[in-house]
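Everything on this sheet refers to the single structure shown next.
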Amino acid sequence: MIEQGLALSARGVRMSYIDQSSGDRLLAIDRIDIDIREGEFVSIVGPSGCGKSTFLKIVNGLLPSSEGTIEIAQPDHGRDHAMVFQDSSLFPWYTVLSNVAYGLICQGVPKKEAQKRAQPLIDMVGLRGFENKYPYQLSGGMQQRANLARALTVDPEILLMDEPFAALDAQTRELMQAELLRIWSEANKTVLFITHQIDEAIYLSDRVLVMSARPGRILEDIRIDLPRPRELEIKRSPAFVEMADHIWRLISGQLQDDKLASPSA
Amino acid sequence: MSGASTPAPAPSSLPDRLPREPRWKALLKSERFVLGAIGVVGFLILWEALARSGSINVQFFASPTMIAAAGAREVQDPGFWSDFFISLTEFLSGFLVAIVLGIPLGLAAGWFPKLNYALDPWLNFFNALPRVALLPILVIAFGLGIWSKIAVVFLGAFFAIVIPTVQGVRTVDRKYLDVATSFRASRRLLFTSVVGLATVPFIVTGLRLGMARALIGVVTGELYAATEGLGVIIRRSAETRQGDRMLFGVLIFTLSGIIGVELVRAVERRFQKWRPEGFRR
Amino acid sequence: MSAAAQPAVGRAVPRRWRFPGRPSDRVLYGLIGFLIVLPLWELLPTLGLVKRVTLSSPSAIVSVAIQDFTSPAEYLRINAPLNLSSRVWNSGYEYIASVDTWPIMVPNVLHLPSNLWVSAQEYMVGFLLAAVTGILLGLALGLFRRFRYLVEPWLDAINATPTIALVPLIILVFGIGFTQKIVVVWLEAIFVITLTVLSGVGAAEKKHLDTALSFKASRRLRFTSVILPSSVPFILTGMRLGATRALVGVVVAEFLASNAGLGFYINFSGTTLRTDRVMLGVILLGMFGIIVGELIRRIERRFDKWRPALR
C-alpha cells in the first residue's frame, strides 16, 4: 500500500539483462529508491546511457524490472500514468485530433466522444486550428505539444516524460519549457521528467535526482527552492547557476571515474 | 487512494554470468529452428502419407521418397547431366553478359542526364514488359537451340540490373558529392570514390533481381521451345505422367535459386562492411 | 539556362548533377531517342540489312494493328472444309470468297480486342486473388510468430523457385482453360506480395508500438492503429511487384497452353512467322504493364497523404 500523499514510490529497483554476444549479465540500473509526492515535478538527470530512460520504461510498464517494487497511487478517476515519448511518437497516419484522442480510444471510449474530450486539451497546449493536420505538417515543437496533449487526455496521475524536448532546437526548447510549466500548473499533475540537460531539469523541477553512469544509481536528491512561477530569466540567476554547476560536477566526476581517468581538469 | 504494485520478483539471486552454450544446444533451444524443423518434417510426412494412401495422384504429386528415388536415378544418368549443363550454360552466359553490359550502361545512364532522358522511355517499357514475351521473336531469330535461351536470359537479367543501377547513381546523397568537390576531387575521383561505391548496394539489388529473372528465363525458354535442358525434362516428364521426375526437375531449379540467392548475399556482405547493421539490405 | 530551382550548394558541383532536371530536357532527349531508334528500325528491314521475319518495321506494325483491331470478331464462312480453317488464321480474308455449301461462323483468332479481353480477365481474377490471399497470409505470418517459424522454410524454398517450372504440373492438374491460367497467375504473384507485406509488419516502428502499449491498447487496437497503417506502403509496393509478376504468369500460361488471349496471339503469330504481329502483341503487353504499374502508383500516392514526400 502506497503511503498517503505519495504519487509514486520505487523501492530497490534493479534492472539487468543478458548481453547476447558475450552471455554476460549486465546491470543497467542498480537499486533505485524514489518517492514522489502528489503534484510534484521531479526530474532525473544523468549522463547518456545511464539507464534513466530504462527506469522510466519500467515505471510505464514497457519493461519488467529484475528486482524491486514500484507503487503508483491509483486515482479515483483517469489513469495512473501516461508517457510523453522522446522524439515525436505521434502516429504519422493520424491527424492531430485522432492522435490526441488515441489514449481514450485505447480505453474503449467511442471515437466521437474521445475526440470531443480531446478538444479542450488541444486548446490547452495551443494547437487549436491544427486538429486536422498530419504530424509531418507540424513543426517539432508543435508535434511535442500534441504529444503532451495525447498523454494528458487520459487524465493520468503521473505524467512520465522521456526527454521530450531533446530533438528541438535551443530556442524552441526554451519556449516549450515555459509552456510545459504553464500547462503543468494548469493541469495540476505529478511529473517525472527525464533529461540530460541540467538547466532544463533545474528550471522545471521541484526536485532534481542526479543519476550515476551505468549501472544507474541515484547520486543525489537536490531540492530546487527557486520561487514559482518561474520566468526564463531565472536561468541566469546566481542561485540557478550555482546549482547547475554543482550537478555538472557530479555528472562529470562520474564520467571521469568511468571513462576519462585522466588527471586534468 | 489505494496502491497498486508491480509484482515483486524473487530477491537478488541472479548469476552475474551465464555459461555460454555450445552452438548446437542453443540451436535446439531456438523456437525458430525447432518449429521450422517441425514444419519441414511434418509436411514431408503428411505428403508421403497422402501419396501412399492414394489420396493424391502420384503421377502428378509424387511423394518425397519417390522424388528422391527419381533423383538418385537421374544423377547416374549422363543424359541428365548433359541437360543440366545445357541449362547451366544458358544461365551463366546470359547472366554474365547482362552483368558485363548492364552495370556500365546503368552507371552511364545515371551519370549523364541526357543519356538517361533518351533511354528512360525504353527502360520503362522493357521493365514493365515480361521479357519472356519476346521468346517467339527470339526463337525465330536464334532458333530452337541454346542461343534463343541465352538471349531471353540476357534480356531478363539485363533490365533488372540496369534499372536499380541507374537509380543508385541518381540517388547518391548530395552531401557526399559536396564533400568530394570541396576537396577538389577530379571528376574521375568523384566517380570512383563516391558514386561508384555508393551505388554498390543498388547494383547488388540488381544482381539479385537479375538472378531471379535469369532463372525464370531459363525455365520459360526451355518449357516454351527447346530440345535440351532441365526445362525439357520437366515438360517431357509431365507429358508422360512421370510426376517424380518432373518434381525432381523443379527441385533442381529450387536448389539453383537458393544457391544463387546465397551467392548474391555473400557478395553483399563483402561490399557492405561499412553499412550499419540496420541499414543492410 | 537557369539553375534557380536548385539549392545554393557549392558552385564547384558539376552542373550535370541537376536531377531530376528540367522537364523540357527530359522531353527533348526522350524525343531524340525515339528519333534515332524509329527510323533505324524502319530502315533496317526495308534496306534488307535485317530479315523482315526477325525484325518487323514500325509501319508494318501500325498497319497490322489497324487490321487486327478493326477486323470482325467472327467471319461468316460459306464453305468450311476443315482442313482449310487453319489457313484462314494465316492470312485474313482471302478464303471467304471460295464459295461452297454450309454457311458457318468461325472465330477470328487474330481479333485483338477479344484476345485482350481474355487476357485481362485472367489477369484481373488471378491478380486480385493473389493480392487478397497474399496480403492476408503476409499479415498472418507477421502477427503470429510461431506460424511464421513453422512455414518459413517452405516459403523461402518456393520463393527461390522460378514457379514457372510448376506450370506443366498445373496443366496436368487443372487441364487447359481459365482455371489453369488463374492458378498460374496467382502462383506467380502471391509470394512477392506475401513477403513484402511480411516485411511491412516487421517494419512497424518500435516507438509507435511502445506508444500503443503504454496506453494499454488492446491487441486488436494495436493491429488496427499501428501495424496495419505502417504496413500500407509495403502492401502497395507488394501489389505493384505482384502486378508485374502476374503479367509474366499470364504470358507464360498462354504461351504453354491456350487458344485465346494476348499470349496466344503472340505465340500463334510467332509460329506462323508473323513478326509484325508478335511485336504488336509485345508492345501492347508492355503498355498494359505500364498502365497497371501507373494505376497502382497513383493509389500509393493517395495513401501517402500522411507521409512527407520522401522520393
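Letters A, B and C mark the chains as written, and numbering starts fresh at 1 in each.
To be clear about the criterion, a contact is a pair of C-beta atoms (placed from the backbone, for glycine too) under 8 Å apart; a residue touches a chain by one contact, two chains touch by 3 or more.
Keep in mind that this is a model prediction, so the values were computed, not measured.
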Centroid comparison with chain B (C-alpha atoms), farthest chain: A
By Cα centroids, which chain is closest to the centre of the whole protein? B
How many Å are there between the centre of chain A and the centre of chain B, using C-alpha atoms for each centre? 48
Centroid distance [mean C-alpha coordinates] between chain C and chain A, Å: 52
Centroid distance [mean C-alpha coordinates] between chain C and chain B, Å: 20
At which residue positions does chain A touch at least two other chains? 61
If we count contacts the way the header does, which residues on chain C are in touch with chain B in the complex? 9-10, 12-14, 16-19, 21, 25-26, 28-30, 32-34, 36-37, 53-55, 145-146, 149-154, 156-162, 164-169, 171-173, 244, 247-248, 251-252, 255-256, 263, 266-267, 269-271, 273, 275, 278-279, 281-282, 285-286, 289-290, 293
What residues of chain B sit close enough to touch chain C in their complex? 31-32, 34-36, 38-40, 43, 59-61, 111-122, 124-126, 128-130, 132-137, 139-141, 170, 174, 177-178, 181-182, 184, 187, 190, 212, 215-216, 218-220, 223-224, 231, 234-235, 237-239, 241, 243, 246-247, 249-250, 253-254, 257-258, 260-261
Listed in rising order, the residues of chain A that touch chain C in the complex are 57, 60-62, 82-83, 85-87, 89, 91-94, 102-103, 105-107, 134-136, 154
Residue ranges of chain C in contact with chain A within the complex: 207-208, 210-218, 221, 225-226, 229-230, 232, 305-308
